[in-house]
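First subunit A sits with subunit B, and in the next complex the same chain sits with subunit C.
Then we have the complex of A and B:
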């Protein structure tokens, strides 16, 4: 195991005395970099200090100080703690920050998101379009002075909606009596739709020219989605084709953009937990885990010993059912409609029974609390977990492998297709099983252990080829490792309280910032939370794995066939709730 | 109650042919066929879609009600199951899908989001309920509804189908040519519902003078 390096050992200020200062605000860490020197400093961070994986980029709007901040979180793929660096710019349009896309191409979508939601222009970004909202949308919604149509009050809990015994509806406070807001003197009949020329232009610009070079062929653009059975929800992909070969590809998202960030900044800390359930809706337990870990970091509170074990048990069960479904869905997309996924769902139901027994809900568990969990595991549920972990799941995993792994069609469709090499995977900030299948043994449970993962004996699943077959097989490896962790956790789990804190409707969170991350079944799930001491987070940002992993798709697909793309989407294991938030 | 009478016509059948002859009404036969083969549009929006899939698997098995044939194309589907949060960006696609479905067609709003916006109602990109645009037949509460709740909702839809009569249904009405066509909303500075153009213009003008 790599010894975790703390941020203090890196003396960025000594190296760049004129352009870097340490962030000295109480509760904050990292460095503030001068905007003019950002590219130079970032290059040094990557090349000289070895932070090769830039996972999170996001904006923060400090309205009172009249500043806009861009926060970067860089990590090493060899493990250890990360480096946070920030750029501050004055909050006067146009807000411009140099793009880091040449240093870490993985920032592509995240910079576009910051442009879309904060209006921060990243100069040098080749394709700076809106990503979650549509072109032509009025305003940048995450700015603190931007109010949504149903705006009621700055922060929850709201004052009574029954001031004189009568219920008032949010609709009635809006002049359009709906979730709408138009600029003054707007005339819908004279409005000219800007359309999607920019999308198609960028598709044209980035496409390969002349695949074989001999014959001149007409290129066609195919839009897959947002309603398409293989896109796992409402993703849309604009593909430029030369015959059946993909020569250019742009994902279009935001069809499930449910404004988690904006709503989360209005909620109290506790109210956000059920919202995190709905991010990656296959793994509500993991999402809870990521969020409470981050806020606990900020609150500096311990977690009850028994609760730590319960958390690990739930997170690993969640991982197992996620991977089983992944396998089922991959088979669906390869054409074996339903049968394997029926097997997968059978096991999933048993895991959901456990979730229901402990939390009361099948899918949206809302189970974790700051300092522990909300309820203890009842005895019958513990027995169910034991039955599953020691008997049923190992046998069923073997069975699944026996049925599928050597199937000729499956091997033909997966082997050697869509190879992602380790270098590219790191470059595009890919995390999770996809990165490990490319040969990088980077698993946060080992690389930067959180909770009590350092107590368990398990191997980081890793494969070497980075093709679809390895991506498929690594899921089985991970199920086996999760079972190993579960076996140990079940044996070691102590008796005791399940929460270190008293139950409370509101928690006190000291001012400061925290970036917490966990190894969710899809990759690194990060939460960036800024507190200003009030009951609501000042900034609440989710760094979803699906969203960033999708950055690599474009380069992986060029020159391959369109039919394989369907399988690729399944292989990346994207979930729209998390992707669009 | 009129339908009930129609379904039980008062004909006496001679005893010796009671085993081979059954008398029913055309309505009842027609509705029996339709209610036992409601094909949903294969269309998942968000979290609820996962419970919709779960309802199709072995434990809950929607096939028992003739609803297992999910059609990815709207042109072969009878029922649109709006399973999740409807966002403004997605709405034009949903309306287009609905308009492409042949009559008779039904809409089921599954879960809190599709019914009213649910926990995300205050979000700037969220439509507060699909019923602002499409005629919803059945609302299913829950966040997400369990597969049992979904099946209960679909049984309610079957009950609704049972009560329809060829005489009155809109899709044989020659005067109503474009049936349930819903005009496409436009994505402008915000979502433009073209049916409300005049209202939007007037309110925006008031905003200017204020």
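Then we have the complex of A and C:
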């Protein structure tokens, strides 16, 4: 295991005395980089200091200081703690920051998101369009001075609820349009849909030009989705085709966008926990885990020993059921309608029974609290966990492998298709099983251990080829490793309290910032939380694995057939609840 | 041989197919019913389930664990002459902790003094907004608001429940959550005993 290098040991200031200063605000870490030198410093961070994986890029609006900040979190794929660096700019439009897309191409979607939600212009970004909001949207919703329709108050709890809380419908209080912003000179009565030239133009830029010029072919654009059975929700992909071969592709997302970040900033810290359930709704336990570890980092509180084990047990059970569903759904997308996916669902139901017994809900668990968990595992549920882990799941995983692995059709559809090599995977900030299948043994449970993962003996699942087949097989490897962790956790779990804190409906979080990340079944799930000491987070940002993993999709499927693209979408294991937020 | 893998996979399907019938026959021989009985449903959601595992809703329903939660309700104790004594004191913690802010409470004021009285005049929960997170029940200091097991609340109207519609007797609560109920009752009795002992000690000291 690599010893985590703390941020302070990297002396960026000594290297760039004129353009870098340490961030000295209380509770903050990292460096503030001069905007003009950003590209130069970032290149040094990647090439000289070895931070090859830039996982999170996000904006923060410091309205009172009249500043807009862009925060970057860079990590090493060899493991260890990360490096945070920031750029601050005056909060006067146009807000411009140089794009880092040439250094880390994985920032593509995240920079577009920051532009969309904060209005930060990344100069040099080749395709800076809105990504989550629609094209005609007015304003940048995450700015602190932007207010949504049916806006009630800056922060919850709303004062109208108590002591004289008469119920009124929000829509009656704010009749439609009273609180809506339209662009200048926009008349909804006269509006005509003009098509999406921007989107198609961005495709045109990407398309390969016919070099030989022997035969004249016409490229066509096919819009897959948003209502396509294989897109796992409402994702639309504009694909440019040459015959059946993909030559360019742009995912269009945001159909399920609800501005999770803004909701999170209105909520109190505790109220955010059930909202995180709704991100990646297959793994609400993992989402809870990521969020509470981040806030615990800010609060600097310990976690009860027994609760740590319960958390690990829940997170690993969640991973097992997620991977089983992944395999089932991949088969569905390949055309094996329902038999494998229902076999997978059977095991998943048994895992969800456990979640229901401990938390009260099968999917929206809302089980973790700051300092521990809600309640102890009841005895019968513990017995169920033991039965599954020691008895049923290993046999069923073997059965699933026997059922599918050698199937000639499956092998033909998966082997050697959509190869992602290690270098590209890191470049595009891909994390999770997709990165490990490409031969990079980067698992946060090992690389930057959180919770109590450093106590367990397990191997980081890794495969070498990076094709679809390896991506499929690595899921089985991970299920086996999760079972290994579960066996140890069940044997070692101590008795004791399940929360280190007294139950309180409002928590005190000292001012500062924290970036917490966990290895969710889909990849790195990061939470960036900024507190200013008030009951609500000042900035709450989610770095979803699905969203960033999708950045690599275009380079992965150039030159392949459109029929295989459906399988690729399944293989990236995207969930729209998390992707669109 | 090409096709061997497919045949191997099909053998798994075949086994699963037969498992349903062998299970049925074995249950029949033991003189038990595999379908439409609590025992049958419990077996089909246990680790030993084999073959078909579908629960034929609505003829059969899954057995929910005690902690299962659906929309909240207010607990009342049955006082003398059947009076409904609602446990809620309208302290407002549930309304403050509620993530989607779907609880409205009207506090009662004494008409003579204008001071608040610890009984709600009215209590609204917008069930269309409620996300069933269970925070209100978790943080209620008086065990007054609890999560229900009844999932059949669909209607043609907007579901805004008032105090009348939210109230359910403590016996109902004891029925759906026996373990929680006993634990809370014991804690309350212990608290009252401690209070009485303290008052007694105080009285003794004063005398």
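Operating definition for what follows: the second predicted complex is superposed on the first by the 556 of 581 C-alpha atoms of A that agree within 3 Å, B and C clash if a C-alpha of one lies under 4 Å from a C-alpha of the other, contacts with A are read in each partner's own complex, and residues count from 1 in each chain.
By our rule, a residue touches a chain if its C-beta (ideal position, glycine included) is under 8 Å from a C-beta of that chain, and two chains touch if they have at least 3 such contacts.
On a predicted model such as this, the values are computed, not experimentally measured, just so you know.
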Which of subunit B and subunit C A:387 touches, first, second, both or neither: second
Contacts of A:141 with subunit B and subunit C, given as first, second, both or neither: first
Touched partner set for A:185, first subunit B, second subunit C, both or neither: first
Touched partner set for A:22, first subunit B, second subunit C, both or neither: neither
Touched partner set for A:419, first subunit B, second subunit C, both or neither: neither
First, second, both or neither for A:275, with subunit B first and subunit C second: both
Touched partner set for A:81, first subunit B, second subunit C, both or neither: neither
Which superposed partner A:364 touches (first subunit B, second subunit C, both, neither): both
Subunit B versus subunit C as contact partner of A:346, first or second or both or neither: both
Intersection of subunit A interface sets (partners subunit B, subunit C): 274-275, 346, 349, 364
Contacting residues of subunit C [partner subunit A, same complex]: 2-6, 8-9, 12-13, 16, 45-47, 49, 53, 64-69, 90, 92-93, 95-99, 101, 103-107, 116, 124, 126, 131-135, 138-139, 147, 158, 160
Subunit A residues touching subunit B - in the complex, by the definition given at the top: 132-134, 136-138, 141, 148-152, 170-171, 175-176, 178-189, 191, 193, 226-229, 233-234, 254-259, 262-263, 266, 274-275, 278, 281-282, 341-342, 345-346, 348-349, 362-364, 576-577
List of subunit A residues in touch with subunit C within their complex: 156-158, 160-167, 169, 267-268, 270-275, 339, 343, 346, 349-350, 353, 356-361, 364, 366, 374-375, 378, 381, 384, 387-388, 391-392, 399, 402-411, 503, 505-506
Parts of subunit B lying in touch with subunit A, wherever the complex brings them together: 42-47, 49-51, 53-54, 57-59, 72, 84-85, 87, 89-90, 93, 97, 117, 119-128, 132, 143-144, 146, 186-194, 197, 199-201, 203-208
